Structure formats: C-alpha cells, structure tokens
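Labels run A, B and C following the written order; every chain starts at residue 1.
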Amino acid sequence: MSAAAGTVSLGPVRGIRRAKDTGFTVFLWTCAVLALVPLTWIAFYVVSKGIGALSWNFFTKEPAGPLNPQEGGIVQSFVGTGLIVGLATVIAVPLGILSGIYLAEYGKGRTASAIRLVAYVLLSTPSIVAGAFIWALVVVALGNFSALAGGLSLVVLMWPIVAIASEAVLRLVPQELREGALALGLPRWKAIVRVVMPTAGAGLLTAVMLAVARALGETAPVLLTALGNDYINTDIRAPTDAVPLRVYDYARTPVEALHGFAWGGALVLLAAVLFLAISTRVLSNRQQKRIA
Amino acid sequence: MSDQTVVLGAGAPARVRRSRLIDRGFRGTTLVVGLGLIALLALMLVELTTGAWRTFDAFGLHFFVGTSWNPVSGREDFGALPFIFGSLVTSGVAIVIGVPIAVGLALLLNQVRGSIANPLTVFVDILAAIPSVVYGLWALFVLKPIFDSSVEPFLIGTLGKVPLIGALFRGKAQGPDLFTAGVILAIMILPIVTAVSREVIAVVPRDLREAALALGATRYESVRLAVLPYARSGIVGASMLGLGRALGETIAVSLVVGNTPRIGWSLMQPGATIPSWIASSFREATSVGLHRSALLALAVTLVIVAFFLAVLSRLLVRRTAELVSGPSADEVLTEGIYPRAG
Amino acid sequence: MRKVEIVDLNAWFGSNHVLHGVNLTARPGSVTAIIGPSGCGKSTLIRCLNRMHEEVRGARVEGKVLFDGTDIYGTDVDPVAVRRRIGMVFQRPNPFPTMSILDNATAGLRLSGERLPRSKLAEGGERALRAAGLWDEVKDRLDEPGGRLSGGQQQRLCIARALAVEPEVILLDEPASALDPASTLRIEELVGGLKERYTIVIVTHNMQQAARVSDWTLFMLFGEVVEFGPTEKVFTTPDDKRTEDYVTGRFG
C-alpha cells in the first residue's frame, strides 16, 4: 500500500543519505576532538612533570656529579640559548627586515618574484639540513663546534621567516599613507623609514617574534653545530649548550633523576614559545585596528 | 623672466643631492640584502653538494638502492635505502592518519564560524608552536609506553590477523618502532595541513555551496559536490607541505624510532629515517674516509625532496586560489608560517 | 603671469593612453576646477602636476608642465623638490596614524632634513592649523593621535599638513567626496580663503561645488580637454555642446 499522497516515497534512500550526513558531522567533530586531545595531554604532562623540576638550582647551577644528579641544574643551557639565539637574532633580523622592505616597497618585477620564491623555499628547509650545511661550512672548516656555528644555522632558518613576515606586514600599510608622505616632498627612503615602518611597527615586531619563537625550540641544527656543553660557555667559538639540546640529551639518559629536568626544560620552552605566540596574536590584532 | 629660477633640482643645494644619493643607496642596500637570500640558498646547495660529491662519485646509484651502511674504513659501504624506507614509511603513516583529521578539522572550522571556531583555531595554532623536542619527550615517555602496552598489542592482535595489511602489524609490540614515530609525526603535521586546507576551503565561493544546498543536497553532499572538487588540488598541496614537514622532522622521530637501519614489512619494528640517522651519526663521522660525505649525501637527498615538495605544493595551492580568484597563493601560504622547530 | 602652465600633456598607464594633449593655465591666486565624468582622467591630470603619476609602475608622461616658467619634467628636476613647492591633498584623509595632531601638521617640516627648533615647529604647526581652520578645535589636544579626529577634521589636518611646508600651489583631488555635507561646506569655505595666498587646482565630480568654489573651470572627457574658461562662462554659456550637456546633467 502506498502512503498518503504527499508523504514522499523517498524513505529508504533518504535514510541512507541522512545517515551519511550524520556520519559526516560525527566525523568532523571527531577530528576536532582528536586534534585537541594531544594538545591538552601534552600540556598537562609537561606542566605536571616539569613544574617539580623548576627550582632555584635548576636555573642557576650546572649539572651536578653522578652521585647527586638532582641537585644540579641546567644554567648553562639557558645561557647558551641566550647566546646562540641572541647571535642569530642580531644577524637575521636586520637582514630579514631589509629583505622584507625590498619586497614590499621596491620589488615589483622578476627579481622580487625570484627572491620571494627563494625565501619560501628556504622556509621549508628541514632544520637538520640547515644544521648539516653549517656543519660542513663552519664546523668542519674551523675544526670545532661553536656557538657561532649554532647561531649561523639558526640564521638560515630565521632570515626567510623575518623577510616573508615583514613583507606581509608592510604590505598592509595602506598605499595612501605612502602617497601622502611622497606628496609632502619626502624622498622615498624617508617615506619608508619614517612613515611606513613606524606605521607597521608592532607588525614588524611580530615578524621578529615568530622567528625567535622558532629559533628557541630548534634542536637539530644546534645539535649539529654547537654540540652542547655541561658548563657555562660565553665564548662563541666554543661548544655551547642550549635548552632544547639539553632536553634531548636528558630524555635519552638512563639516569632517571634527570628525566625530571628534561620535563622542566620542556616546560620552560613551552612557556616561552606560547608566550611569544600569544603576544604575536595580541599585537597583530592591535595592529589591524590601528591601521583600519 | 622669472626670478624664481631656483631649484627644481637643477643646481640643487647639496642637501637635496645628498638625499637623492641616500635614496638610491637605501634602495640598493635592500636589493643587495634581498639578493643575499638567493646567495644563501645557492651557498647551501653548493656546500652540501660539494661535500656529498665524493660519495655520489664513489657509489653512484648504489647509494640510493644499497641496503648496508658501513662507515668502517676499509669496508666502507653506504647504501641509504633503509633510511629512505624509514622516512617514507613514517611519513606515510603520518599522512594517512594526519591528513584526514586535518581536512576534517578544516571543513569543520569553515562551517562553524564564531565562538567555537576561534578557540579551535587557537588550539591548532598552539599545536604548531610546540617545539619538536617537547613532542619527542612526550612521545617517548607517554605515548610509547601506552603504545607498547595496549595500542600495539591490540593492533597486532586484530589487524595483524587480516590478510595483506596484516603484515604491517606483526611482531613484538615493545620497543621503539616506526608506527609510534608515524603517529607523533601525524600530530605534528596537523597544524600546517589544517591551516592551509582551511584557507583553501574558505576560498571556495559561498554561492557554490549554497547552490548545492538549494538543490536539496545534504551538508555532506554539498561538500562533496561543491567544495572538495574545487579545493582538491589545494588540499593535496597542503598535504605536501605536511609531507615535507614530516620528512624533515628529526628530534621527535629520533627519540622513538630506534635508529636501527632496517627494511621490513612490519610497522612494529624499529627503523631509522634520514634526519634521525644524520643526527645520531654525525658525531662519529671523522674526516677520514667518506663518512662525512655520506651524511651530507643523505642531507642532499632530503633537501632535494623537500624543495621539490615545497615548490609543487605552492603551485597546487596557487592553482586552487587562482581557480577561484580569491586571495593570492602567497597570502594563503603565509597563513602557514608558524614557529615550527625540528 | 602664469603660475602653472600645462603644454600638450600626454600620459600613459603602460600602453593605456589616458591623457591626450592637455593644455591648461592656472593663474596665481585663482582656483581652477577640473570636472568631468568618472574615468575622464581628472585625477591622472592633477597627479601629473606634482609628479605623483610616475610613482605608479609603468606610468609615463610626455609634454611640459611649467611652474613659474620652469618645466617640472625637465631632466635636471628632482620630483621630491617639486612636491615641496606643489602640495597635494587626497580624496580620503590620510593622516599618519602613528603621529599626534601636531606632529602630523608639522610632518613635512620635521622630515625635511632641516633641524628646526621645537619652538619654530610649534609656530609653524599652529599657523598651518589656523590656516586650515582647525586650530580652535584641536589646540587643547595637540598630542592626541591624528586618527582620533572625525573625517572632516582629518581632512583639514591633511590640508594643514600640506600648508605647513608653505607650498605655492595646492592640488586638491576630490577633497570632500568622502565627507559629509557639513564638512564639505567647511572645506569649500577654506578653499575660498586659501586662494589669496596660493594657486589652487581642485578636482571635483560635484559640479555645484566647482561652480561655487572656482574661478576657472576645465571640463574633460576621455582624457581630452573639451573646454577651459572662466567658471561663470563654462556653466552658463559654454562653447561646446558636450560641456553644456554635462553641466546641465544630461550625462555623467
């Protein structure tokens, strides 16, 4: 018997279609959950296991002897990271910003497209390759691992980031501001340096922060170039430690007491990188409002 | 005659002339620095290739298909196949697991605007920011024990019995293995694949989706009909970015994969990837013999594949963007710049 | 005496020929309006007067623009120097967002390379702000960011900024089109007041505004000058039929 006229005879088909649709929605939300789970899990573990390791000693002492490992610390890693990342930043930021200025303000032809492509390609360089490059160029040539080599390997990674990000930020400055400055009788370079760049201000800072956040967490290139050190080192021509490197070493050590330090280092790294990521976002939003 | 012959440049005071010089000098400097990027890339390729040359010269194609790796001088043999195998397998697992989740998430983020979408996006961004050594640490101390004790025995017990794919899941669950490495890689590539896919999907015009819905399609059908066909190449491009990331990942993989050169069917056995092997051998590479050169040859192999993937993915994403004449490919790709450590 | 004289000016964007043989004269102390339908080349023309046109990639100019008898497109001439003597106000107010009101007004003075003492800058700024009719409204908040002002005030600030460097000619590219009627009126009054000291060229799509404000009017169509004459004549007894059609609103 057929149903009353008007009640559609698509019943069973509709069921399958409806099922697929529901299945699809379920799939989408499952994906969301699956993506969130690792994050919360990692954050939970790093905080809970790491927080116990953060002590005065942790931040101020060098590794202790084998008899009482838990009384030492990893101060040399913090100093080393500061040295290596600081060196890399000082070199990569000016280079990156000048590159970004060229791409945003002057580059309109094939040269600019080539530079942009190269920057993008460099951006996707696996960090171990950057490390291998500097290892071959500097470490093998000079005969020893060094903070300088470490810094240079990070420059390879940071320079393209600063260049691409600062180009993007400079492009956001409305063209009318440039025209206003030029119409006032300012030479091009002054229009850029005194009007466009200050207007992009916070944006340029976020470009730097993105690069620094990346550099802080890098292990592989630093491993291949600075090697690591159990003692504080301030000589850029000598092997130097870094926080991610130390975490990597302590993760593999059979000495259980040091595993806690690995978590501690991970916590510090995570906090630093998150802080930078959040600041970047906040500054970015503020910058958008300012220009609009 | 006008006595305002002054200065519209001719005979301009020194100040104006100097300003012009500064103008040209400034422009020139930025150009030189920009070109410096090209020089950097060239230098890197040259340095790696010249270092690797001796190995390629000595072994030729054998480097890529040989299965034994012996740096002992006198009996040197450098066959990189085990590491190529390990890289492909771990990245393969990462793509198979990670891409569907990333695309699903990207579709969700496009559908759900507003108060739910924002926190989710933020979480994914944070995932991108986590340094790889932190992932590695967690994978080693948290993920691996769970895999060793429950997940892998489960898989071995169930999928391991199925014909054909069962071969992937044979063997002992305990110990470092390719599967665990693949899973942590899947997690690590989620952010970039999601971000780029999301942008690519967002670029598909609303009207297409709405036209499908107006025809009586369900949500699922409208996505299949109107969104995915358009976004397909862009999503493939996003996956390639993810693949590139997975192939290049060193530290997290190194901590859980076992660093054992091995080729075999089972995912439950240890292995080694190109980056993990470079990281674990470089200290022993002395200047005698070809060992250093061989490691650089591995680096060259990796970087060529990575660059190839990068350029290809850029083209694919650009193709989708142009197809729909939305934001340019550069903007879509700039979305994917996250601090990602390796 | 001619302040600005355009002789046979042609302009291109790439291969697109947008201005054809334009001739124009602007006498000192007068206001010349350039009118015409959208796309007729009015903005391009005015941007040729301070060499802003060539800032666009692929843009090209041929012909002469004589400023006090000297061709600003001469080979020895520095465009930067030209723009100090011929100032411009744009359609959308564009105060520099990172600078205060006073700093905006004095931007041209401060960034010129000369080190002027604070007091001179403050004087110059006040003078310019007064001339732009903005002083009374902002004198108590000179340190506030320029972006906080209303649209009309921002535009007067941009006028002040242009005035501060003491140019001789002021170019206004549809200065009121982004503003409300009240602000528009103020700008028009301002223009009337400024013409005593400056030579003004104003582009406008608003014919009534042109009629109110200018002494001379140039009507353009498709990059060519159709008619140029005293405003009163152009609007009441134009020589060309096309002019008549336009000013009576039959098209455009």
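In this section, a contact is a pair of C-beta atoms (placed from the backbone, for glycine too) under 8 Å apart; a residue touches a chain by one contact, two chains touch by 3 or more.
Every value quoted in this text rests on a predicted model; they were computed, and no experiment measured them.
Inter-chain contacts peak for the pair A-B, counting C-beta pairs in contact. Among the other chains, the CA centroid farthest from that of chain B is the one of C.
In terms of their C-alpha centroids, the spacing between chain A and chain B amounts to 14 Å. If you average the CA atoms of chain B and of chain C, the two centres end up 53 Å from each other.
Centre-to-centre spacing of chain A and chain C amounts to 47 Å, using the average Cα coordinate of each chain.
In chain A, the residues that reach two or more other chains under the touch definition are 187, 190. Contacts with at least two other chains are made by residues 19-20 of chain B. Residue positions of chain C with contacts to 2 or more other chains are 80-82. Chain A makes touch with chain B in their complex at residues 17-18, 20-21, 23-25, 27-32, 34-36, 38-39, 41-42, 45-46, 95, 98-99, 101-103, 105-107, 111-112, 114-130, 132-133, 135-137, 140, 156, 159-161, 163-165, 168, 187-190, 192-193, 210-211, 213-214, 216-220, 223-224, 244, 247-248, 251-252, 259, 262-263, 266, 269-270, 273-274, 276-277, 281. Within the complex formed with chain A, the residues of chain B that make contact are 19-20, 22-23, 26-27, 29-31, 33-38, 40-41, 43-44, 47-48, 51, 100-105, 107-108, 111, 120, 122-127, 129-138, 140-142, 187, 190, 194, 218-221, 223, 241, 244, 247-251, 255, 275, 278-279, 282, 287, 292, 295-296, 299, 302-303, 306-307, 309-311, 314, 330-331, 333-334, 337-342. Within the complex formed with chain C, the residues of chain A that make contact are 108, 174, 176-177, 179-187, 190, 194-195, 198-199, 201, 290-291. Put simply, chain C touches chain A in their complex at residues 50, 52, 55, 57, 80-84, 87-88, 90, 92, 94-98, 107-108, 111-112, 147, 158, 161-162, 165.
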